[in-house]
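There are two complexes below, and they share chain A, which is joined by chain B in the first and by chain C in the second.
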Partner chain A sequence: MSSTAWLRPRTAAEVTMALGLPGARILAGGTDLVPNRTWELDTGTTWVGIGAVPGTREVRCDAAGRWEVGAAVTLAEVLAHPQLGRHYPLWMEAMRAVATPEIRTQATVGGNLCVDTRCRFRNQPPIWRSGLIPCFKSGGDRCYAAPASRLCVAMLVSDSAPVLMAMGAEAAVAGPFARWIALADLYSGDGDRHLTLNPGEWVRAIRLPAKPPLGAFRKWRPRATMDFPEVDVAVSVDCDEEPRVVRIVVSAVGPVPVRATSAETLLESGPWTSERLAEAADRARAAVHPYDNGQLRVWGRQRAVHGLVLDALRQVASAVVEKGAQA
Partner chain B sequence: MAGRRIAGGPGVGGTTGQKFARKDVAAKVAGLVSYSGDTQGAGMLHARLVRSLYPHARITEIAIAAAQALPGVAAVLTARDVPCNVLAEDPSGTGGGVFTQPVLASTEVRYVGEPLAVVVAASPVLADAAAQLVKVTYEPLPAVFDPGLALADDAPPIHPGGNLCVQWHVNKGNVEEVLAQAPVVIQREYATQFVDHAYLEPEAGSAWLEADGVIVIRAATQVIEHYRRLAGMLNLPHSRVRLIAPYVGGGFGGKEDMTVEPYLALAAFHTRRPVRMVWSRQESLQARPKRHPMRFQYTVAASRDGKLEAVDINILADAGAYALLTPRVLFAAAVVASGPYRVLAARVVARAGYTHNVPSSAFRGFGAMQAAVAYEQIMDELAETLGMDPLELRRKNFLQRGDELATGERVETAVWLPETLNAVQAALGPEPQPSRPGLLVGRGYAMNMQPYGRTVWFGDQAAVWMGLENDGSFHLRAGVTDVGGGQAAVLGQIAAEVLGVLPEAVTVHFGDSALTPLTGGTFATRQLYMSGNAAVRAAESLRERIQRVAATLCGGDAKTVVIESQGVRTARGSARWHEVAAAARQAGVALEVLETFFAESGPGYDNRRGTAARTFPDFTYGCHGCDVEIDPETGQVQILQYVASHDVGRAINPLSVEGQIQGGVAQGIGYALTEEVLFHEGQCLNGTLAQYLIPAAADLPPIRALILESGEGKGPLNARGIGEPAISPVAPAVANAVARALGGARVRSLPITGEKVVDTLFER
Partner chain C sequence: MTVPTAERITAPATRLAGPRIDAWAKVTGQALYADDIRWPNLAYGVLLRSPHAHARIVSMDLEPARRMPGVLAVLAGPGSVAPYGIMPSTQDEHALAVNKVVHVGEPVAAIAAETREAAAAAARAAAVQYAVIKPVLRPGPGKGQVEPVHPEHPQGNLFKQVDLEFGEVEAAFFDSWVREDSFFYQGNNHGAMEPHAAVAYWTPDGQVEIVTSTQTPHYVQRELSRALGIPAYKIRVRASVVGGGFGGKSEAFGHEVAAVLLSRACGRPVKITLTREEVFYTHRGRHPVSMRVRTAWNPAGELQAMDFRSELDGGAYSSYGIATTYYTGALQPVTYRIPAYRFHGERWYTTKPPCGPKRGHGTTQPRALVEIHLDRVARALGLDPLELRRRNLTPPHSITVNQLEVTTSGLAECLDAVEAMSDWRARRLQPEPNRGLGVACSAYLSGAGLPIYWNPLPHSGVRMAVNRDGGVQVFCGLTDIGQGADTVLAVLTAHALGLDPARIRVHTADTGSTPVDLGSYSSRVTMMAGHAVLMAAERMAALVTEAVAARQGVALGEVRREQEGFWGADGVIAWEQAVQWAEAAHGPLTTFGGYTPPPPIGRYKGSGVGPSPTYSFSACVADVSVDPVTGQVAVHRLWVAHDLGQPLHPSLVEGQVRGGVVMGLGEALMEEQAFNPDGRHRGPHFLGYRMPTILDVPPIEVALVGEPDPRGPLGAKEVGQGPLNPVIPAVLNAISAAAGVDLSETPATPDRILRALKTQPQRRTI
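Coming up: the complex of A and B.
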C-alpha cells in the first residue's frame, strides 16, 4: 500500500490547484474513501480536505429564504441544526437513513452526494477481485453486472441525492467556472466516473428551495440500519403550481437517480385516487431496471419499487389533504 | 452479604441465584481487557498466510524466492518447513475413523483459502507485500460444491477414501411397518445454509520462544489442550509447547478447531522471535469453518388424534473439504432429530459429504440446532394437516422423564417442556395485530432439546486447583477458556458459594496449558457442567481442610466451623487467617487442593444397530415464541417480540443466563432471517461485514428470557448448560411465525429473506 499525502488548502482556488496533482481526491468525512483505500479500491495518492475553505462548514439562509449548507458540514450537524429540520423534514429523513450515528458524525453533506458508486463485483476484497478480469471500474473492458453494457453500471448509493432531487435542490460547483447546477446534473450516468464535474471542480455547497414541496422518502435495505440502500424512493409534490409539480425519484438502481416521468405526468393533474396512485407506482416500476449488483436480487428490487413508490405517494397524498390542498 | 455462613454445603445461601454483573464484564465494557491480538512488543514479527485461490487444484510450484528477498522478510514457510505436516483426529471418538489435514497444503488444494505458506516479516504491511510475491502455480482440477453431487458415483474424489465423510444411524422399532399402517403421513424437506460465527474478535494471537526452549502461544482459542497437537506438529515433547488463552472475544465454536495457533507456533519455531498474527474479516468469512448447511427429508406418521408414531429422517450435510468436527456435529443432529417427542419408531440416517467448499465444523448449536429447524417446522405442518392446534399436538407428544429416546437411552432428569411452553405462552400475551393495514402478522413457537457435555464415551474430565492465602483470599486455577460467557468467573462464584465467602475473595486464574490444571475446552456446553463440578469438589475439599485445621486451633467440631472474611470461627473461639495458615503448616496440612471431576462415561455408540445405552450426559429443554410482521410488498420480516424460556436446572448467575439467552436469540435471528455466507464455486461472495448481514441492534425485538429452575441438572448445584440451547429454537420459531403470517405458506430454507417470502406468496 503506497503512502498518501493529505492536503488542507485554505481557499477554494487552492483546492482546485491541489486537485490538479496526480491521483488527487477530495477527502470529506472519509467514511467511504478510507475503507476504499483499505480495500485497494481507491488508489489516490493525494487527499484534499476542503473543511478549511471559508463557507464549506457553514449553514446559512439567504435573503430569498433559501438555505445554503456547506459541503463539509457533517450529517450529524445537519440533523442537530435548530432550523433545518423544521424547513426540510424530507431531507432530514434521508439524513437519518444514512449509515449509523457514528458514521453520520463524520460523514458530510458533500461527501454523501459525491460518494463513490458501488457494485457487488467491485466492492470486494482485493483477493476476490484478483480472480476476475478487471471490469470497467477496475480499469478493464467489461461489466459483470450488465455484460451488454458499454458503461459501468455501479450504483449510486447516496440517500440524500434522490431526496434533494425531489426537492429541487442545487449544488454549487467550485472551480475555474464556478456555478450552480440542478442536482440531477451532478450525475453522469457512468458508474465509473459518476460525477459530471470537470478536472479541478468540486462541490462547495448545496442550496435548498425557500418553499420546499411536500414529500416522502423510502429506503429499502436488508437491515433496519447501517446498510446501503437496495432501492431509494423520494416523492414530492408542489400543489401551488398549475399543473402540480410532481417528482418521483428512484435511486440506488443504477449510477444515476431515475425520474419516473411517466408516473409524474399521470399525477400532475386529475385526482389522486388509489387506482391512479397504484397506476403511477406501476409506471415507476416500469421506469427502472436495476442491475444484478446489489445485495438483493434484481427482480426483488424492481418489485419493491412498486411498493415503496405507492407507500410514499400515499403518505404525500394524505399530507396534501392535511394541508387542505386539492389532490 | 459479608461473612455469610455456609455450613450446609453447596447451594445454601451465597450468591447463587442472584443477578450480578461479573467482574470481567465491567473491564470489557471499559476496554481494559487485553485480548490475544493486543500483544505488541519490540522486535515482534508479523505473520500472514498465503491462501489458495482455487477450490481444487494441483500445486505444481510455490515460488518463494522473491518474497524471501524482500528486505524485512524473516521467513517464508511452506509445507517442507513443517516438521510433521499432518493434523490427525478421531472426531467421533468411536474409533470410526481418523481424519487428517495438512497444516500447509503442498501438492493439492481443496478449498479456496486453504493455507499454503506463512510469510513472516517486520511489519504487517511488509508481510502483506511479501505474501503477494509468493507465486503459486496451480493446475485447476474439477471441483464439486454440492454434497449430494459429491456422493454421486462420477464425482471427483476429494479424499482417497471417497467423498462420504460420515454416516450415522439411529434406529428404533420398525419404521416401515408403522409408516405403512399409519393413518396420517406427511413428508417435507428443509434446508439450512452456511453461516459464520462473526465474533467481534478476529482470529488472533502471538507466539514466542522462552529461554528454556518452550514455545508459548497466546491466542484466541476455545481449547488450550491443542498444545499437544501443536507439539506433535513440531515434533516436540508435549511439555515444550504452552498455549495460553486470555479472554476470548467470542468463540461460538469457531475457535474450537485451531485457527492461528499452528502458524504462530511454526513461525516462532523457525524465526526464534516473537510473532503476531491477526486474520482479517474477509479471511475469516472466506476460509474459516462454517456452520454445516444441512438438507433434511422428514417423513412423519401420526394417528388422527395427533400421536406421533414414526419418523423417517434423512440428513445430508456439507462437510466441506476436510472433516474437522463434522462426525460429531452430525451425531448430535442424528440423536435429537426426532425432537423432544415420544416416537414409537424412528429411523435416522445422517450423512455428510465432502465438497470443495470451505470446511464446516463446530458452531453453537452443533447440529442439534439444524435438526430443530426441521423437527419443529414439521410439527407445525403436521398440526396443519391434522387440523390441530400446533401446541396441542406438541403437548400430546412431549417427552417425559423415563421415556426412551430414538437412540434407546432413557431420559433420567426433569423434562420441563410444558412448563417452558406455558411460560412463553403467558408472556407473549394477546395475538399480534398489524401495525397498519396490509401487513401480515403471525405467531410461532418452537421447542428444543440440546445436549450439554460431551458424548459419554469420550471419558471427559476437568481439574480445578484451589488454594488459600495467608490473608484469607483464595486462588482458583483452572484451564478453562473464557469465551465471554463468564466461564471463568462462574467457577469463582461456585467455589465462593461452597466456601461461604464472597465471590470477590476468589481470584480465578485460567486458560494456561502449563500453569492451570486442564479442564478441557469450552465447547459442547460442557464448561459449567465439567469445570463447575470440579470447582465444587475442589472448594469442598479445601473447606474440609480449613475446617479441620480450625477445629484443632479453636476447639469444637470441624463440621461447625464457619468461614468468614477475616478468619474462622467455632462455638469455642475464632482465629484469623494467618493463624489458620500457620496452624496448617504446623499440622502438615496443605491448604491447597487439586480435584478432578470425571463425567459420566459409557460404552461407545453402536452405529450398526443405531442405538446406545447413553449418548450425551443430559439435555437442556426449552421453548421460544415470537410474533412477526411481514410487508407483503417487500417480503421483509420484522420480529415484534420474542420470548425464550429454558429450564436451566439452577441459575447460578441469572444475569449471565439471561445474557446467554439473549445472545443466543440475537444470533439465531440472524440465522433465521439475514445471514448466509454465499459461495460461488467455493469463492465467498460476501466477504465483508457490509455484505454479510448480522442483525444490528435496530433489527432486534425486545427479547425476554424466562429462566425456569427444575433443580435437576447434572452440573454443579444442579445446573444445566445454557450456552448452546439458547440458540437452537430461534430459526424454527421465526419460521413458524412467518408461516402463520403467510396463512400456511412456508419458506422451507434458511435464511427467510424477503425475496423468498414474496416468492412463496406468489407460488400460492
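Coming up: the complex of A and C.
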C-alpha cells in the first residue's frame, strides 16, 4: 500500500487546485474511502479534505426560506439540527437509514451524495479480485454483472440521493465554473465515473426547497441497520401545483436514481384510486432493470420495487388526504 | 417444572455463581488473543492464496517474492510431510497446495517478512500461473466430463455414503398415512469475532512452540506431529485467549503448519493472522444440505416410521465430514420416538471452501426439516403442532431405535414452558394478519461418546495441586473459547473443596503442562472435564481431611467443615493449616481425575456417532410478522426452554442460551455462505455475510427446565449448542404461519419470501 498525502485546503479555490494533483480524492468522512483503500479498491495518493473551507460545515436558511447545508456537515449533525428535522422529515428518514450511528457521526452530507458506486463483482476483498480479469470500474473492458453492457452498472447506494431528488433539491458545484445543479444532473449513468463533475469540480453544499413536497421513503435491505440499500424508493407529490407534481424515484438499482416518469404521468391528474396506485407501481417496476450485483437476488429486488412504490404511494396518498382535511 | 433462570440457580449451588474468572482481563484488554501476542524477534507470515476455485498450478515463480525488501522466507507446497486431517481415516490436506487448487483461497505459498505489509507485498510479487478447470459447485455425480475435485479419490466426488436401517421401515410405510417433504439448508460460517491466528516458533533445539486460537490443542498437536513428521512430545500447543470458535477452530489449519515451517526456515518466531476474507475461505462451517424426509403415521397421530435422506455439500476437503454425514441422521430418534428408521446420507466434494462442524454439528439441518415437516403433518392431520409433538416425544430413560441411550428428558416440560410463556393457545385462536407463531423441538449431545481417533483413554484429565499457601492449582487440557470453561473448572473445584473460588487458579489448554482434554467441541467440556475435576477434588479433599483426622486423633467421619477450614478441638483449623499437615504427611499434594463416557451400546458400523452420556432438550416458540409487500420478517419475540439438568452457573448458562438463539436466528433469516458460478464467495466479509445486529434481535425469554441428570457432574447437561437448533425451524414455521406460504430453503431473506409469495397459492387458515 503506497503512502497517501492528506491536504486540508482553506479555500474553495485551493480545493480545486488540489484536485488537480495526480490521484486526488475528496476525503470527507472517509467512511467509504478508507475501507476502499484498505481493500485496495481505491488507490488515490492525495486525499483532499474540504471541512476547512468556509461554509462547508454550515447549515443556514436564505431569505427565500431555503435551507442550505454544507457538504462537510455530518449526518449526525443534520439529524440533531433543531430546525431541519421539522422542515424536511423525509430527508431525515433517509439520513437515519444510512449505515449505523457510528458511521453517521463521521459520514457527511456531501459524501453520502457522492459516495462511490458499489457492485458485488467489484466491492470484494483482495484475494477475491486477484484472479479476475478487470471489469470496467477496475480499469478493464468488461462487466460481470451485465456482460452485454458497454458501461459499468455498479449501483448508486446513496440513501439521500433519491430523497433529495424527490424533494427537488439542488447541489452547489464548486470549481472553475461554480453553479447550482438539480440533483438529478449530478449523476452520469456510468457506474465507473458516476458523477457528472468535471475535473477540479466538487460538491460544496446542497439546497433544499422552501416548501418541500409531501413524500415517503422506503429502504429495502436485509437487516434493520448497517446494510447498504438493495432498493431505495422515494416518492413525493406537490398538490399546490396544477397538474400535481409527482416524483417517483427508485434508487440502488443502477448507477443513477431512476425517475419512473410513466408512473408519475399517470398520477399527475385524476383520482388516486387503489387500482391506479397499483398501476403506477407496476409502471415503476417496469421502469427499472436491476442487475444481479446486489447481495439479495435480482428477482427479489425487481419485485420489491413494486411493493415499495405501492407502499410509499399509499403513505403519500393518506398524507395528502390528511393535509387536505387540515386545510 | 418451569422455573425462570434467576430463581432456579440460587438454590442448590450459590457458591458456583459469581463473575467469570476471565471477566476482568477481557473487559480491561489484558486478555491476549492470538494476534495480541508479540514474542521477541517476531516475524510476520502471509499466505499466498489461490484466486481460482479449481485450477492446475502450471508454474510458480517465487524469486520475485524472495527479492522483496524485508522478506525472510518463502515456501511453496506441500509444506507438510504427510497429508493430515482431523479424522484419521480421511486425511487429505496439505498445508500448501501441490499441483492443483480446489477452492478459492487455498494456500499455495507462505511468506515470512519483517512486517505483515512486507510479506503481503512479497505475496503480490510472486507469479503463479494457473490453468483454470471448470469448478464443481454442486454435490452429486454431475453431468459431462468435469475433472473430479480429487482425481486420486476412488469414488469420484463422492466423499462418503452412509446407509442405516433400524426396524421394519417398509412394512410401516405400506399401511400408514405418509407424507414427504424436502428442504435445502444453506451453508453458513461461524462468524467468530476473532479471526484465526497463530504464533509459532521452531526453537534452535528442534522443539515447536505454538500459541494459536484453537478449540482443540490436543488434536492440533496430533495433526502437527503428522504434518511436520516430528514426535508429538516435541510440539507444545497452547490455545490463546479465544474470541469465539463455534466449531470453526476445531482442527489444525494450513496457517498453523505454515507458521511453524516459516519459523524453521527463518529461525524466528512467526505469526500469521488471517483476514476476515481468509476466514471465510478457511471456513469449516455449516454444510449446505439437501434433505428429504418421508414419514408414516397412524390415525392417532403417532409416528410409525421415518425415512431420511441427506446430501451434503462438503467443499474441497474432508474435515469432520464423516461425522457430519452421520450426524445428519443420528439424533432424529432422540427427539421423537421413531419405531422404524432409515437413513441415507452422502457427502460430496465440491470446489468450495471445506465445510466442517458448526454449533449443532450436522444435527441443525435435519432438525430444521423434521420440524417443518411436523408442522405440515399437523396441518394435514388437523392437530395443533404442539399436540402432535407431545404425542411423539422420546420417553426419558429409554433406548432409541438406533440404540442411543436417553437418560433424563425434560422435553415435555420444555414444550409446556414455551406454550405457557408464549400464550400459545390464545394467540393462535386470534391470529393477527400477517403474523404467526411457530414451534420446534430439539435434542443435543452432552459430549460425544467416542473420541475423534479411537483410543481407550480418558476423554478428559485433571491434575490438581494444593500448595502450602492454601491455593489450589487445577491443570486441564480443556480450552475456554469464550463459553466459560475455565470458570466452570474453578467453580466446580471451589464447590467440591468447599473453598472460595478466589483460591483456585486454573491452567488450561496447554499440551506442555496439562493432562489431555479432547477439546471444546460436541458440548463435552462441562460434562467431561467437570467429572474429572470433581474426581480430583474429591481425592484432594480426602487427603486433607485424613490429615486433619490424624492430627486431631479423631475418626475420619468425625471431621467437620467450618467455612473454608475445619472444626478442631481448640477452635477452627484454617484450610492452610490443614493443607500443611497433609503436605507434611504426603509430600506435595497432587491428585488426578479422569473421565471416560459410558461405552455406547450400538454395535453397528456408524454407531460411534450419536452416543453421549446424556442429551439436552430444547423447545422454542417464535412470534413473527411477514410484510407481504417487502417480504421482510420481523421477529417480535422468542421463547426458549432448555433442559440442561442442573444449571451450574447462571450467567454462563444464560449467555450460552441467548448466544445460541441469536446465532440460530441469523441462520434462519440472513446468513449464507453462497457462491457465484465461478466458485467465488458472494461476499466474504461482514457486509456481504450478514449476521443479526442488536436491532434484529427480539426480546428472548428463557426458561430452564428438567431435573438433575444422574450422569452429569452435579447433574448438569449441555447448554452450548442445543438451544440453537429449535430456533431455526421455529422461526421458519412462524413465517409459514404468518405468510401462508412454505419456504423450501434457508435463509428466509426478503427476496426468497417475495418469490414464495408470488409462486405459491397463499393458505387462508393456519
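Miscellaneous remarks
Assume the second predicted complex is superposed on the first by the 324 of 327 C-alpha atoms of A that agree within 3 Å, B and C clash if a C-alpha of one lies under 4 Å from a C-alpha of the other, contacts with A are read in each partner's own complex, and residues count from 1 in each chain.
Everything that follows uses one rule, which is that contacts are C-beta pairs under 8 Å (C-beta built on N, C-alpha and C of every residue); 3 or more make two chains touch, one makes a residue touch a chain.
What you see is a predicted model, and the numbers here were worked out from it, not measured in a lab.
In the overlay built on the shared chain, the residue A:295 is in contact with chain B and with chain C.
In the superposition on chain A, A:131 contacts both chain B and chain C.
With both structures placed on the common chain, the touch criterion links A:179 to neither chain B nor chain C.
Of the two partner chains placed around the shared chain by superposition, chain B and chain C are both touched by A:227. For the contact definition in use here, the residues of chain A common to its chain B contact set and its chain C contact set are 1, 120, 124-125, 127-128, 130-131, 220, 222-228, 295-297, 300, 303-304, 307-308, 310-311. Looking at the complex, you find that chain B touches chain A at residues 51, 53, 125, 128, 280, 282, 286, 631, 633-635, 638, 674, 683-688, 690-691, 693, 695-699, 753-755, 758.
Taken in their complex, chain A has these residues touching chain B: 1, 120, 123-125, 127-128, 130-131, 220, 222-228, 295-297, 300, 303-304, 306-308, 310-311. Note for the complex: chain A touches chain C at residues 1, 120, 124-132, 218, 220, 222-228, 295-297, 299-301, 303-304, 307-308, 310-311. On the side of chain C, the complex with chain A involves touching residues 49-52, 104-105, 117, 130, 275-278, 281, 628-632, 669-670, 680-685, 687-688, 690, 692-693, 695-696, 749-752, 754-755, 758.
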